[in-house]
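Okay, so chain A shows up in both of these, paired with chain B first and chain C after.
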Partner chain A sequence: MIRFVLRRLLGVFPILLVVFTFSFVLMRVAPGGPFDAEKPVPPEVKRNLELQYRMREPWCEARFLPALSQGLSPAEERAVREGAPWASRAERICTGAFQYGWMLSNYLRGDFGPSYKYKDRSVNDFIRSGLPVTLQLGLIAVTFALCIGLFAGLVAAIKQNRWQDHAAMTAALLGISIPNFVLGPVLIFVFSLGLLWFPPARWEGFSHMILPGFTLGSVYAAYIARLTRGGMLEVVRQDYIRTARAKGLSESLVVLRHALRGGILPVVSYLGPAMAALFTGSIVVERIYNVPGMGRYFVDAAINRDITLAMAVVVVNAVFLLIANLLVDVVLGLLDPRVRYE
Partner chain B sequence: MTISSLPVAGPPAEWEEEELQGTSLWRDAWRRLRKNRMAVAAAGVLLAVVLFCVVGPWFVPHTFDGQNLEYGAKGPSASHWFGTDLHGRDLLVRTMYGGRISLAVGLAATLVSLTIGVSYGAIAGYFGGRVDAIMMRLVDVLYTLPFMFVVILFLVLFGRSLVLLFLALGAVSWLTMARIVRGQVLSLKQSEFVDAARASGVGHLAIVFRHLVPNALGPIIVYTTLTIPRVMLEEAFLSYLGLGVQPPMASWGLLVSDGANAMTLFPHMLLFPGLLLTVTLFALNFLGDGLRDALDPRMRT
Partner chain C sequence: MSFGPSATTEREATESEVRGAKRFDSLRTALESFRGSSVPTHRIRSHGEAPAGERGDLPLNRPFVRAFVAAATIPLLFASCTRERPTFGPEERRKSGNVLYLGGGSEPESIDPSKSYDGPGIDIVRELFEGLMRYDPETLEPVPGAAEAWEMDEDGRRYVFRLREGLVWSDGTPLTAHDFEWSWKRVLDPATAAQYAALLWDLEGGKAYNLGRGSREEVGVRALDDRTLEVRLERPVPWFLSLLPFAPFCPAPRHAVEAHGLGWTRPENIVTNGPFHLTRWIPNYEIELVKSPTYWDRDSVRLERAVVVVSDDNHSMMRLFRAGEIDWLGSNTRPPPEYLPYLRTKKDYREDRYLGTYFYWINLREDRNAGSPLRDKRVRRALLLATDREAIVRYVTQGGQRPAHGMVPDIFFEKGYPLPTPIPFDPEQARRLLAEAGYGPGGKPFPTIEILYNTHEGHRQVAEAIQQMWKRNLGIDVAIVNQEWKVFMSNRLEGHFQIARAGWIGDFLDPYSFLSQFLSESEANEARWKNPEYDRLVALALEEPDDEKRYAIYAKAEAILMDELPVLPIYYYSQNTLIGSWVKGFVPNAQDIHPLRSLWVEEGE
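== the complex of A and B ==
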């Protein structure tokens, strides 16, 4: 068991490296730089900025395109690059390699660097303030989804093919089909603006968390209900359930003690991929309810081309997803004696 | 009386007739699907939605980008059945055009994911062993990654074109299809007809795509039907964030986003596109479930 966890933890690093590399390459090959949108700054200032962010590497320039070292205006630089396309390409790759190593070593030390857009805040500041909010939101959504989903799924399985079953499954299908960006505004309209039960926005206490949690969790409640029902119906046919019944145990004991443990296995294994979907959903839900979490920062960062921040969010999310999936695998092993850690 | 003079009991007449007609998987499935009233209703709703979006604009005397700023946003009326948006554009025709785009992107992206998923899964399942182990391990890893973040980054950095949108969506939603096809191929490849094909000198690729994949068509169809609503949802999600189609074009996600911003004053702007999107997704999911029950009774839970 411990060996399994350690081995899986070791396996996490190559995956993270791939995620890091992929987003880094995306950032490098994307047309346009982070300082393009601002009002034109003198070439020396721009050059110093780019040197600070390691978007220029003096060594590479000296090696492949010595003309650049003098600090040229964008037009002049373009002319130099077009005059020597291969040297220009080589210089780019060389600089990229240096920047990659520099950023990777920073990431390993937990330093995500400065934000390109907000000069007075580092990426770490954003993550430190956004991550707890998103995790809170996710936790509420999962708790809610588990409560409703397990209950609905159990009822549907026990009352198979009766009206309770049909009602629960139709509701679940509806839950899967209503997009959260339709559900969110409708809930705000009804419960915040109409009934005045909950605040429509911001993140300042439990009452602020209910609507976002419900909006984010409803889809997962629906999936969990379907999986629970399917898992329970599968398990109920097994011999050990017949044995339990034959021993004369009460039906509720059979269902809750014997069947549930096997029946929720599909739900547990679904929770891993569901984490990825939760992070994705938080993008929209945080936007709808104006919640200052990672999803909101991410979209703003992406649209502002604040690439260091966007990239850090992707990598941090990947870390959490991988940990969540590892936990799911461990729990799956504890619940299901057939799973062997190898 | 000799034994030979006994009347020979041939198969009863009904049998013979049945044998002649035969009953294929498809005919069986069709029969089961027709019995599922809800699935038939869902198919009807879908057909209506498609007709509404494709044919509808010809019958509406407004254009999707014709503005009337003085008129502004108003609720439903005799000349504007769905009302108008903040620019005074007719919401009925915009919802139809939005539907065209949402449906088209959903179909195109599903086609992309279908192509990748089926090829990937079939190849992994057919070759088995270490190839399979490595390929499916990769799928497991990809499952855990937050793809929409990468898609968003991609769309922001490389422009917000429609083609890029459905390619990106298709490229990240083939994982489950690959798993399903792999499972099917894994169990089918031991069959005699594969041995027969191999014995008659058919190449690997032809066996995979001409013999194995057609036999896995049932689950492929089912999962394709269920992929369309998922991809449409993702498209709407991206359009909602402003990363999909750009105004004055419309898609359901974009219309819902506009509607959500204006809902306190003009709830009709959220109601109609939101309702249509939800109904379409619901019908697609329902039809997908019905097809699953019809084509693969074992998967029925």
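== the complex of A and C ==
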């Protein structure tokens, strides 16, 4: 098993490199740059900025488009570029290559680089302050999802085709189909603005975590309920359950000790990707509840063309997803004797 | 180039940055405004509206879904339906203590005075750092800050400032004229890459140094001794003193910057000289300011603490206000437009004029849109005449905006700026002009034109209204296209548009802030409209120190602009906010600048 884990861990690096490269290229080819604003800065000032943030590389300019190094106005620069499309393309690729190398070398040193938008901060700052919060929120959401989902799924399976089953499955269907950007405001409206039970937003204590945790977890609770029900129904028809019953074990022991172990296997394998999805799901939830996590940067950083921050979020999420999947595989092996590590 | 970019639209940008969440909003607000809004929403819908997907809306955002959600929540509403409050937020303060809780808008990009460029960042810089001058909270005229006296030479090109005695940084280090000299040069240093550097280009040798052509020593700012600062300008700048409270002119603590590098603005490292000190800064969450014990005028600062709640989700801020978690929405958060008709009946809602103009650029670049009818100024005039701006502000924006008759906002009118010639809503004359230009019945068919705007509910509604007006009044087919902010800006700056939505917010109280963007050489002149007479008049105005006389020259220049119409002015901005009745000292002003040192909270017992 240790060899299996080590091998999987080694496999993480090439995957990360691909993710890194792919997101870099996407960020670079997106139209608009991090320093475009409605209130344009003079071209010379913008040039200073671009040099600082490696959006321009003097060496590449000198090599392919020497005219650029004088700090031309955007119109003049466009004219130069249109006059020499191939050189212009070469210059862009060359600059991109330099920037890629610069970022990659930063990453190797564990430094995500400076944020392009937030000029006082490095990307590491954002990850350091946001990641624990997002993890905490995710953990609460998973806990909610597991408690509610497993319970509802079990009840539904045990009382198959009775009203409890129908009620639980209808609730699950609703949970799956109501998106969290609808559920969130509705919950706030009812529980904080109407009933005054919970604060409407912010992240200060346990009472602040309940609504966002529930909002984020509800979809997963619903999936888990359905998966548990399905898994349980399949397992209770197996021979070993009949054996257990034949031994004269009590029904609760049969269900909790024998059936549940097999019944939740689909839930466990679902948890891996779900953990990562929780991460991205928090984009909306963090915004609605003003939670200082890092999920929001998935969208914000890309919109702002904050290249370093956007890439860091993607890479961190990829790491998270890979680890979660690895954990799931290990746990599956422990739960299910039929699974082998190879 | 004269003055560099002198106006700002950060708040527009901030607004646009929330568009990620925006598309879900109609649903959300349908729910939230339910409780009180019996007011019908005046939405002008057009026939030629693109299908949902193309507009960037979720298909979810359809009437039947809304109806479904509404039906599902109505029973809940009845449960929570209480007496209708006269206020949107709580009637009594829910928070306690001498602490102001306010909204801060989106995460500040930088609170380094030399680098700060965005609205939220500049607002924090103003509390932490104080320049030679500071703002009068009511008139925004410059009043003495770190300087206690100054002299200006006859020709308006040399100033000598005398600093107050005994100024110190928050760590006890003396604050001297040398700090100002270093900080101003730091803004101009190309290695700082300060976005506001162009504001200091008027210093002698400032531009050359910033462009890497001159030396640091030649820049026209010099500490004559610890308390005397000499400033030399390239040309007279009539509003120079009113620039001094602004972030790039504030001092940065050399010793802290050099000791901590990029991280010097972190609460544990920062050294400040303003009325407040930074004690907490959690990205996208909260900034905590505490009254500074070392500020020279600490006795007139009444707040003990201010907690700035950072969030770019206006709806989330509305809920926090409603629940009494914040006392004031802040000047970087605007109530979403759907709320306005409802809010107008509430006592804690404020609506004031704002120093900004909402308009459409018309692309006149030589290399684009060849043969476009928009090149004919009669056509442009016809379009403006066919735009019922009164109806737009009354039924579409609904937030106290005023129909625009020029680019210089109405706030200047009472300062002596001559009233522009009104441009009425006159479809009759518009049709005549269009016919004169050869279009319409019996003439050439008018090609479909395109209005480009950044994805945002408010801009969409205005564009749709105008689309409909032009169709109805002129028979012109208009396509409206929205784009994500950066794509939109890139297309605008590159000139890939026919008509594009824009907003311009003034940085300082001089019409130059609005008129400079139309100068032939200005980078901000997105229409690439060129008029030598206009350039001459604006340059002439700068020579005139007397406000009234200067305004008269500006007005002549603006008349040329309004005759040629490279832009279609639509409305003058307003500022809308929610503020608890217990927050005292709040005075509305043109730029929505509210230094916290003049605010306080009244404890109700």
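As a convention for this text, the second predicted complex is superposed on the first by the 331 of 342 C-alpha atoms of A that agree within 3 Å, B and C clash if a C-alpha of one lies under 4 Å from a C-alpha of the other, contacts with A are read in each partner's own complex, and residues count from 1 in each chain.
Definition applied: contacts are C-beta pairs under 8 Å (C-beta built on N, C-alpha and C of every residue); 3 or more make two chains touch, one makes a residue touch a chain.
If you're wondering where the values come from, they're calculated on a predicted model, not measured in any experiment.
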| item | value |
| --- | --- |
| Touched partner set for A:186, first chain B, second chain C, both or neither | both |
| First (chain B), second (chain C), both or neither touched by A:26 | first |
| First (chain B), second (chain C), both or neither touched by A:67 | neither |
| Broader residue contact with chain A after superposition on the shared chain, chain B or chain C | C |
| First (chain B), second (chain C), both or neither touched by A:171 | neither |
| Partner chain(s) touched by A:310 [first = chain B, second = chain C, both, neither] | first |
| Which of chain B and chain C A:276 touches, first, second, both or neither | first |
| Chain B versus chain C as contact partner of A:253, first or second or both or neither | neither |
| Contacts of A:15 with chain B and chain C, given as first, second, both or neither | first |
| First, second, both or neither for A:230, with chain B first and chain C second | first |
| On chain A, the residue positions that both chain B and chain C contact, one per complex | 30-31, 179, 181-182, 185-186, 188-189, 193, 284, 287-288, 299, 303, 305 |
| Chain B-touching residues of chain A, taken from the complex the two chains share | 15, 19, 22-23, 26-27, 30-31, 173-174, 176-179, 181-182, 184-186, 188-189, 193, 229-230, 233-234, 272-273, 275-276, 279-280, 283-284, 287-288, 298-299, 302-303, 305, 310-311, 313-314, 317-318, 321-322, 325 |
| Partner chain A, residues of chain B touching it in the complex | 141, 143-150, 152-154, 156-158, 229, 233, 236-237, 240-242, 253, 256-257, 259-260, 263-264, 267, 270, 274, 277-278, 281-282, 284-286, 289, 301 |
| Of all residues in chain A, those that touch chain C in their complex | 30-33, 35-45, 48-49, 51-52, 71, 73-74, 78, 114, 117-122, 125-126, 129-130, 179, 181-182, 185-186, 188-190, 192-196, 199-203, 284, 287-292, 296, 299-300, 303-305 |
| Chain A partner contacts - residues on chain C that touch it in the complex | 1, 4-5, 7-10, 12-13, 17, 20-21, 24, 27-28, 31-32, 60, 69, 73, 76, 79-80, 107-112, 115, 190-195, 197-198, 210-211, 262-263, 265-266, 282-286, 309, 311-313, 315-316, 319-320, 322-323, 325, 484-487, 489-494, 502-503, 523-524 |
